[in-house]
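Think of it as A, B, C, D and E in the order they're written, each chain with its own count starting at 1.
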C-alpha cells in the first residue's frame, strides 16, 4: 500500500488542530483518513508551519496539503488542487463586541490576517493604503492580539471564525459584510502528481456522493451544509 | 548575473530594517551595559546580585525565546496598561519592541564584556590614582574608563556585529506590519516563490557580510585612535569569546 | 626605638606608625609594626622576599587597610572605622587630602598607559589639586628635566625604557609636591647603569631634605642614602638603627645571615 | 483545592503536554550532535589555518570568517535546503531522463525521480550538521587562538631539548592548548545550546513549536481546555529551561577546567 | 682573542662561533661575533641591557637562526641552508641530536606548566633520548636532590617559588647530561638569598668541569665562576679575557664605564 504524507498546519480549529493527545485532529484529518480509506492508501499527517507549507510540498517533504487552503488562481500557478471539499465560503470580519468597527469604511485601523492567506492578499490590496495590515504566522496568534486589543479587526475564513465567535460568549462579534474570495477549499498537490490527484479526486467524488463529506462538515462545522448532496 | 543585480536592488530596502534595528539598540544597550557592569562589580550585594542575575538570564537564554516571551508578555498588559495610556500601537510595534528586546539582550552581553574589561584594568594604575588622592569618581573618569573602553573595544566590536546578525530573527518572532520586511523575511518569501535557495540566500548573506565588514572597518578606525598610545597597536581580533 | 626617636627629637615625626597588624586570609604578614620617620629623614626598609616590606609601605597610604594599628601623617591620625575584617576608611575627604601629601612611586611604576609622560605628571595636580594648567605644565616640565627625561615629555609610557619609566614615575610623585615620598624597590629589575641613574635622582631628593620611606634590596644603596635602616623579618622589625649600627654593628643573628647572603661569596 | 491540583495535574499531563516534554529530545540531540561536530570542524579548521601550505590556510580562514560573517539563522535555514537541493541535483544527473525533465513543470526538483524525501529525523540531522558547521567556524577560531596562547617559551624549551616538531606539537602544544581553549569552547557550546531554539524554523516539532501551540488562545471546547493567550507562560518555562542548561553546562565546564588546568591554571590567569 | 684561545690550546673547543650576524628587521643585534668555549671552560657574557647577550645565547642552539656565520658544537658545524632572510635549519636530525647535547636554562625558566617537576625533568630523557623510565626516574630524583628540591618533585611549576623553579630548570637541563650548559641570567629577579642558592648550584657544576656559557648581570658572580669573560657592547665583542684581565686590567673605556656603574656609588 502506497504511503501518502499529508501536511496540515494544526493551528486552525476546527479544520485542523492538535488535540489533547497531541495528535492532529479536526475536519480535514477525518476527511483525509476517509479519503485514504476510500482510495486504499495509507496516510500519515505531518505538521508544517503555514507560511512554508507550499514550498515544502514542492520540495517533496510530503504529497498533499490539507490545511484549509483555498483554491486560488495564484496558487494554481505553482501547485494543483483536488476538487474542493468545502464550498466557496465568505470571509468575515470580527471585532471586539461594541468596538464600533465598520469594515466598509475602514480607515486608520489595525487589520490582522494570517500571512500568506487569501485574506492577507485581499487586505493588502483593498485596505493596505489606509490601514495597517498586521500579518501573523498562525490564525491563533492573530486571535491572541485581537483578544489583547492590539488589533481592531481580523479578516479570516468564516468557517474558522464562526465557532470562535459562538464560543466567545459575546466578547467578539461579526461586523460588516461578507467578502467572497477563493473557490472553496481543496487539497494541494504537486503538479507532477497527476496520479495521486486522480486518486484523491475519485475518492472525494465517491465520498461526496455517499454523504460522508457532508456528514463530516456537519460534525465539525455546526449548522453548515449539506453542500454536496444532490 | 542580471538576476543577481536585480536581486541586490530588491534587497536594498529590506536591509534598512536590519540596520534600523541595530542602530536603534546599540546606544541604549551601551549605556545600560555600563551601569550593569558597574552594578555587577559593585560592593553592594543587592545591586551586584540583581545585575548578575539579569546578565545571567539574558545571556543564558536564546534571543528567539526572549522575543516570543517579551512580545506575548507585553501583549498581555495591553488592555490593562498600554491601551489606557494610548501607547498601544507604539509599544507593540515591531519597530519598537524589536529594538527593546535587542537592547535587553545586547546590554547583558555587553555588560559581561565591560565587566571582564573592568577586572582587567591594570590594578596598579588604579592604585596610583588612588594613591594620588583622586576620588572614586575621578578614578573612574580618568583611569578606569579609558582603560576599560580600550580593553573592551575588540570584543565590543564583535558584539555589535553579532547584534546586527541577531536582527535577522526579529521578524521570525514578531508580526510583520504591511510591507515592513527585513532581509531574512524577504529572502524567505522569495525562496518560497521560486525555490532558488542559492540565489536568494546568498544575496541575503552578502548584505550581512558587507554590513559586518563596514562595522569592523568603522570600529577598527576608532580602535586605532583609542590605541594611539601603544607603539604597535595590536591588530583587532575577531574573538568569539562573548558572542551570542 | 624610643631612643632612636629621642635622638632626633628636634624634628617633627612626619610619618608615625603604631602597632600595625595586617593579615591576608590566615597569613599574618605584619605582626605589630611601629616606627616613625621624622622630617627630612630617609628611612629604608630591608628584608628578604615576603617579609612584608611592600605591604607595610602600602599601609602607609592605606592602599591596604591594616587590621589594627594607627598611621599618622604629620601628627594627624588617619581615621578608620569598623573592625577587621570590615575595617574601612572613615573619612574619604581626609584620606584624599592626606594621600595628596604622600607621593608614592610603585615598584612597577604604574604609569597611566593612555596618557603621555607629561600628562601623567600633570594629572594629579590638575584633577586632584585643581591647580591652574599653565602653572602645572611649567612645573611638570621642570620636574621632568630635573630627572633627566625632559625630551620624552610627549612620549607614551610604553615607548620608554624601564629606567625612563621609573624616572617619570618619580617626577609624577614629585609634582604633587608631597611631604613624604614612598618608594617601593625603585631599582629592582633595572640594569646596573639604569640603576645608577635612578639612585642619583633619589640622592638628590634626599639631599633636598625630603622625608622618604623606601623599600630596597640594595644594601649599598640603603647604607649610603638612609638616615635610618629598618630590617623586617617575617612581619616584625628585627633590628633598626643608623646604617652604621645596622650594617657594621649588626646584632641580630638573622640580619647577619641576611647581610651575608646579600654580599654573597 | 485538591480538585484544582488534580485538574492542573491532569492538564499538564495530557497528551499534548507529554508530546511537548518528549520534544525536548530533539533539542538535546541537536545540541549534543551539533556540539560534537563543531569540535571536529573546529579542529579541522584550526589545523588548516595552521597549515604551512597557503591554499589550505586560505580555506581555513575563509571558512571561519565567511561563516561567522553571516547570521547563524541564515546559514541554519540555508544549509539543509541547499544540501537537499544539491543531493537532488546529483540524483537528477543520475536518474532523470531528458523527457522526465521536460515534463517537470514545478521549479524543483529537476524530475520526480530525483526527489529526496526529508522527514523529521533527516531534518534533525541536517540541522545538527549546520549547527556543527556554523559553530565549527567559531571553534576554529577558539582552538586556533588557544594554540597561539600557549606561551612561546614552553615550546622553545621543548625545541631546545631536541624534541621533533611532532613531539613538540603533541607533548606540549596540544596538551596545553586545551586549557586555553576550554573557556572559548564553553562559550561555543552555550551558543549551540541557544541556537537549538531555532529548530522549529526547519519544521521540526520542537519545544518552541509546542510552546506556541499550547499557549495559543483556544475558544473551542472540542479542541481542549478553553483558555486565553498563555503563550508567555510557556515561553517562560523555556526561558528557565535554557538558563538551567546554561547553569549546568557552566558547572560542568568549570569542573573540566579544573582538571585540565592543573598546574597551568595559575599561570593562565 | 687568538691569544686567549692559544692559552687553552690543550683543550678541545666544544662551542665555536664564527662571525655571527643577526638582525631583527632593521635592527642589527649581533654584528659579527666570534668566540670559542673549550672543554670544561666557563664563559660569561656580560654587557648592558639590549646588547645582544640573550640573542647570542639563543643562536647557539638555533632558537634564533643567525643571518650569517657558523656555529659548531664539538667540532660539528650546524647545517643551515638558504640565505637571510630565508635561512633555515637544513638537517632536522642533526639539530635535534645537537640540541640534546646543549642543556639550556631559560631566564624565565620555561618549565612545562602541565607537568610536575619530576615529569619536567624526565620528559626530555624519555621522549628525546628514549631512555628507560626506571633509570631516568632514579636519575631525575637524584638530580632534584642535588639542586635541593627533592621534596618538590610532585608539585607543579606554578606551586614553586622563583628560586625553586630556577633550580628545577637547572635539574631539567642537567638530566639530559649535556656536553654544554647554557644559562640565561640565572639569578635575575631573585632576592639575595635565593640568588645565593642558585649560584651555589652553578659553582658545583663549574667545579665538576662542565662546559658552560652564561649570561649574567652579576659582576661578582662572573668574576668568581668564569674562566673567561666576554663583554658585549651594541652587538659586538668589546673586550674579553680572564676575569682578572677584564675586571682589574680593564682596557676598553666603555667597559670601564659599565663596571663603574655596576659598582655604583
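Here, a residue touches a chain if its C-beta (ideal position, glycine included) is under 8 Å from a C-beta of that chain, and two chains touch if they have at least 3 such contacts.
Chain-to-protein mapping (UniProt): B, D = ABC transporter permease subunit; C, E = Amino acid ABC transporter ATP-binding protein.
This is a predicted model, so every value here is computed, not measured.
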Touching both chain D and chain E we find none
In the contact graph of chains, the distance from chain C to chain D in steps is 2
Via touching chains, chain A connects to chain B in a minimum step count of 1
At the largest C-alpha centroid distance from chain B we find chain E
Relative to chain C, largest Cα-centroid distance belongs to chain A
Per CA centroids, the chain at the heart of the structure shown is B
Of B-D and A-D, the pair with more C-beta contacts is B-D
Averaging C-alpha coordinates per chain, one finds the centres of chain A and chain D separated by a number of Å equal to 35
Chain centres from averaged Cα atoms put chain A and chain C apart, in whole Å, by 84
Taking each chain's mean CA coordinate, chain B and chain C are separated, in whole Å, by 46
For the pair chain B and chain E, the C-alpha centroid-to-centroid distance in angstrom is 53
Residues of chain A that touch at least two other chains are 52, 58-59, 141, 144, 148
Note: chain E residues in touch with at least two other chains are none
Expected list for chain D, residues touching two or more other chains, is 81, 107-108, 212, 229, 231
Chain pairs satisfying touch are A-B, A-D, B-C, B-D, C-E, D-E
Within their complex, chain A touches chain B through residues 51-52, 54-55, 58-59, 110, 112, 115, 124, 128, 132-137, 141, 144-145, 148-150
Contacts from chain C onto chain B in the complex sit at residues 61, 63, 92, 95-100, 102, 104, 106, 108-116, 123-124, 127-128, 156-159, 172, 176
Listed in rising order, chain E residues that touch chain C in their complex are 48-49, 188-189, 191-196, 199, 217, 219-221, 224, 258, 261-262, 264-265
Residue positions on chain D within touch of chain E in the complex are 151, 153-154, 156-165, 167, 171-172, 175-176, 179, 262-267
The answer for chain D against chain A in the complex is residues 14-20, 81, 84, 103-109, 112, 115-119, 200, 203, 205, 209, 212-213, 216-226, 228-229, 231
